[in-house]
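The following blocks contain the structures, represented as structure tokens.
What follows is subunit A paired twice: with subunit B in the first complex and subunit C in the second.
Presenting the complex of A and B:
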């Protein structure tokens, strides 16, 4: 009986200390001389084999650099915004798998960039665009106008068809508070997880114009609940981007900082959420916009360029 | 060992053996701002600073230094040829940046090796940048071997982070058996990523009070415990970034809003305010378990100054200051593709 009991008790010991197999191993190896060699390795392996699949459900998969690079090359493409200046500056456009933030004061062209990118991405067959509208800024008329300008060489009927195709690839939701946003994002994550994505139905660009109008009302005060909601929204956006190869574009406004100098809203905790942060400025009386990189994963901040917003 | 304990106790090592041991424990690492203090395995370095202040860049440059070999086909790369384990809690890691830095380092090494070769042969003019580039990019073998030494995991919550730390030992053992090299860096970017979520998390006590609740303190304690276990068995240096999450004048701002003293009084107080801001900027928020675990602390800050660099256009500059151990030196540095450079 004793012979049967011993290996089993060892197996349970290795299960309970499964969290640190190496330290268990090292402890075991110290007294290895007194233990029967074959018995030990057998019970260890059995313990790991039992626990390992369970552990793997609880965390994301381990990847090495080569696998990461493969995933990036295969699944994370650039989505051109259609504005040449921005696309050149960003090395191709908005990157799938990343959260891009556009900051700028009122009427600096943030919404224009969002609408134009939506139209351009929907037009080029990259996939479906989801537009989460928090301040009634989505204007189908404006998109129609943009498409009209783009397809001036087309005949009347072809123009109509093109417009219809672009419009059918843009989905707009109106959202007026952070809870509704979290609802929509969780639902979207669920759908993406459980649906076999095929060709055109895949969402590739998620736009939130503007995220700051949802987040500012809950921030402030002594409590941390506002920041909890903000960080949760940030994490789920990055999760959507990373796991489902979606490019996320959000806009943020500017507030007066120290000395009256304008700075992006939402504070210090938000700063570490977006991958890329762009600032737009707009000269009064012209349609030329300046865009500068405040933060980028691999480009030095401070680079600037200009682009023209049409009519 | 058991046969001759006396010999083991008295046996002095040779200078070569000692150098080999010291170099594994304390490899030479010229990477501003980490070059100021002697770092050895078992240390836990915290790199704190607002976003952006080149925190992640420092991690990536250190990672590339670690995964590069010392020498490859007769060309010196000066790396450590060890593994890096990277816990991405911010979920902002960009593999393209890592490969960009790595390719750059490989190219630099080839270039310097080749230029001496060409100089020796008196054919320096023939040296052509594009030729070198082509040559290096063909060398996929070295590049892939390096990239395989970079182990990465993404965590979306403290729970996933803890699970990953638990699973780390087994994964590490498997990888080091496969690759034949050990781990040198454990990187965490960034440690405070789930602060707001864990802080607000107050679950109901389940089934009496025997079970530990998920709270900020408990999570930090568990994280420290897991890393400690690793440090006991492996010669590892821990590098963790920490983003400042309390902006300059988080509380000050509210006060200003309330009293509406925007322009007039602000200018007068600007000196004291900026000092207060600096203090606020570095308000410690991690639980004490983590704070006491950290052995070295450096603070980074982005500067408004931009230096011009012929090859790369303009570069933003940063300062660094060691807080633990306290050093009275402020280093100014800039990050380029081929490394981090001090500005004097």
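Presenting the complex of A and C:
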């Protein structure tokens, strides 16, 4: 029987289920083969006829350029981060359907950008923000303080109501290992699929601060399981982004490379996963941050700008 | 989610589909007996199929699927929770102010500085201060002290506890009721009794203790602070493979984050300094490298400014960077006073 070929372990199963259509096709043909060879008790044709439409349902419909453009105009909006410098640099902000990565050394402002974007996106009624926190750095107090700055024109009760509305649109979940992350992402994917029908407020921004702290304990060494986990997390993040028009923002740290020059962590196989990669640097003793594009899908890399993190 | 996504064998999948089970919802209400009959398979096999159904699909169908993500909290709820939280005072008001009231629970705070600046003093002070009774505005918690260097001095802890009690009694001298209520707790020995001390002699032991803490804390619910003095010591020697060190350390830091969050306690890591060559000059930074600098929520650096000890907030998601003077007195960490002069160790 083809049973032995089926991936059994949880991690591998998640990879194959989130894989591309081709991997499914091979699985489907395997399934059909089993039906033909192994299972005489079942009436072959009847069984296959029932299975076939489902297999065909599984491959994604093809789109032409015009439809793609329409889809991107209709569904893939820019979510402004609220920091003017970054928004101008990125042509509007974080793009829905894309995976944006922020790299930077310790206390360079990564978490501040995440928190500020969360507050700003939740404020502008774009939808719900999901914050996956791995370093206990999600600070509701800091967000409240940012909202306070954003809503200086309001006063008294209106301000309080506004704060509550914004804060209720930000969800936080703590995650302390990569398996928990994969679990949560699968759960999120499942829920998003079912929300389409039930009409909930949709998640528009998913933040993981920081993904590198989950991955460093499993990366490296002789085995390749670490890389497998990293790439499968990347695949499912990009899938979520694309299928549910979510903008995904992850943060990554820096490690010393050759000659003591800092470079983004997680290595070469992660490098190809994010659509957009931004680097933050921060001068000691000032609140001005520099941001530069290291990688972008449609913009020249190397452009730099400054923005100010308010205290 | 579809049947096709389930990690079951193709033949089982085909049987399910031909019996009319096309979605997971159709499977969620079915009993193993019914499934075995419908699919003409053994009962065991049927219950195995039902077992692989993802946990969340079942809970989802029970709760009606309202939550976006199970276990997630809104920032609003977290804010109100945070406002209820009490912080652990350092004993020095200026330091408490820049820390936003003291050391925060649910966060990992790293404190670093040159030898002799008072890291261990601060560690012992926090182990004592966490026990201040609720009536005196404290947390009335217990402390776990993990000592890797052997620098914990129990006589000094006794002295600091005495100092803390004296100051508390002085501060509350007009509240006779409070003083009478906690007479028993306000004894130096009862303060010492509530410090759980672990002496660590190698990094293997250090990791073992941290892994064991989860179990320990499940029994000792009152523990409100874990102090590791110092987190660095054993990792600065006997480690050839630096990549492995990074892996081990980042795993350890995630474990500590998890403890802090799960048991609502503060984790304070004391760290040593090292020199780092940047931009043509050697500068002092905290040890354990760049990846470690991400391992804590807050980072406080203690340094000498002339003859005064100062603390500087180097990194924090919620606090602005600021510095404040403090001093180490015979009673423990206190506000800086002008009389206090640096005693240079010659």
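We adopt the following convention: the second predicted complex is superposed on the first by the 250 of 311 C-alpha atoms of A that agree within 3 Å, B and C clash if a C-alpha of one lies under 4 Å from a C-alpha of the other, contacts with A are read in each partner's own complex, and residues count from 1 in each chain.
One rule holds for everything that comes next: a contact is a pair of C-beta atoms (placed from the backbone, for glycine too) under 8 Å apart; a residue touches a chain by one contact, two chains touch by 3 or more.
All of these numbers come straight from a predicted model, not from anything done at the bench.
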Touching partner for A:52 - first (subunit B), second (subunit C), both, neither: first
Partner chain(s) touched by A:220 [first = subunit B, second = subunit C, both, neither]: both
Partner chain in contact with A:242 - subunit B first, subunit C second, else both or neither: first
Which superposed partner A:68 touches (first subunit B, second subunit C, both, neither): first
Touched partner set for A:194, first subunit B, second subunit C, both or neither: second
More subunit A residues in contact [subunit B versus subunit C]: C
Partner chain in contact with A:177 - subunit B first, subunit C second, else both or neither: second
Which superposed partner A:260 touches (first subunit B, second subunit C, both, neither): both
Touching partner for A:141 - first (subunit B), second (subunit C), both, neither: second
Set intersection of subunit A contacts, subunit C complex versus subunit B complex: 58, 220, 256, 260
Subunit A-touching residues of subunit C, taken from the complex the two chains share: 1-2, 4-5, 7-11, 13-15, 17-18, 22, 54, 56-57, 60, 65, 67-76, 78-79, 82, 100, 106-108, 243-244, 246-248, 250-251, 253-255, 257-258, 260-261, 277-278, 289-291, 293-297, 299, 314-315, 317-318, 320
Contact footprint of subunit B on subunit A as seen in their complex: 18-23, 25-26, 48, 52, 55-56, 58-66, 68-69, 71-72, 98, 220, 224-225, 227-228, 230-232, 235, 238-239, 242, 256, 258-260, 267-269, 271-272, 275, 294-295, 297-298, 300-303
Residue ranges of subunit B in contact with subunit A within the complex: 50-52, 67, 90-92, 94-100, 144, 146-157, 159-161, 163-164, 166-167, 169-173, 175, 190, 193-194, 196-197, 199-200, 226, 229-230, 232-234, 243-250, 254, 262-263, 266-267, 270, 273-274, 277, 306, 312-316, 335
Parts of subunit A lying in touch with subunit C, wherever the complex brings them together: 1-3, 6-8, 10, 13, 17, 24, 30-31, 34-35, 38-39, 42, 46-47, 50-51, 54, 58, 105-107, 111-112, 115, 118, 128, 130-131, 134-145, 164, 167-174, 176-177, 184, 186-188, 190-191, 193-195, 198, 200, 203, 210, 212-214, 216-221, 253-256, 260, 262, 265, 311
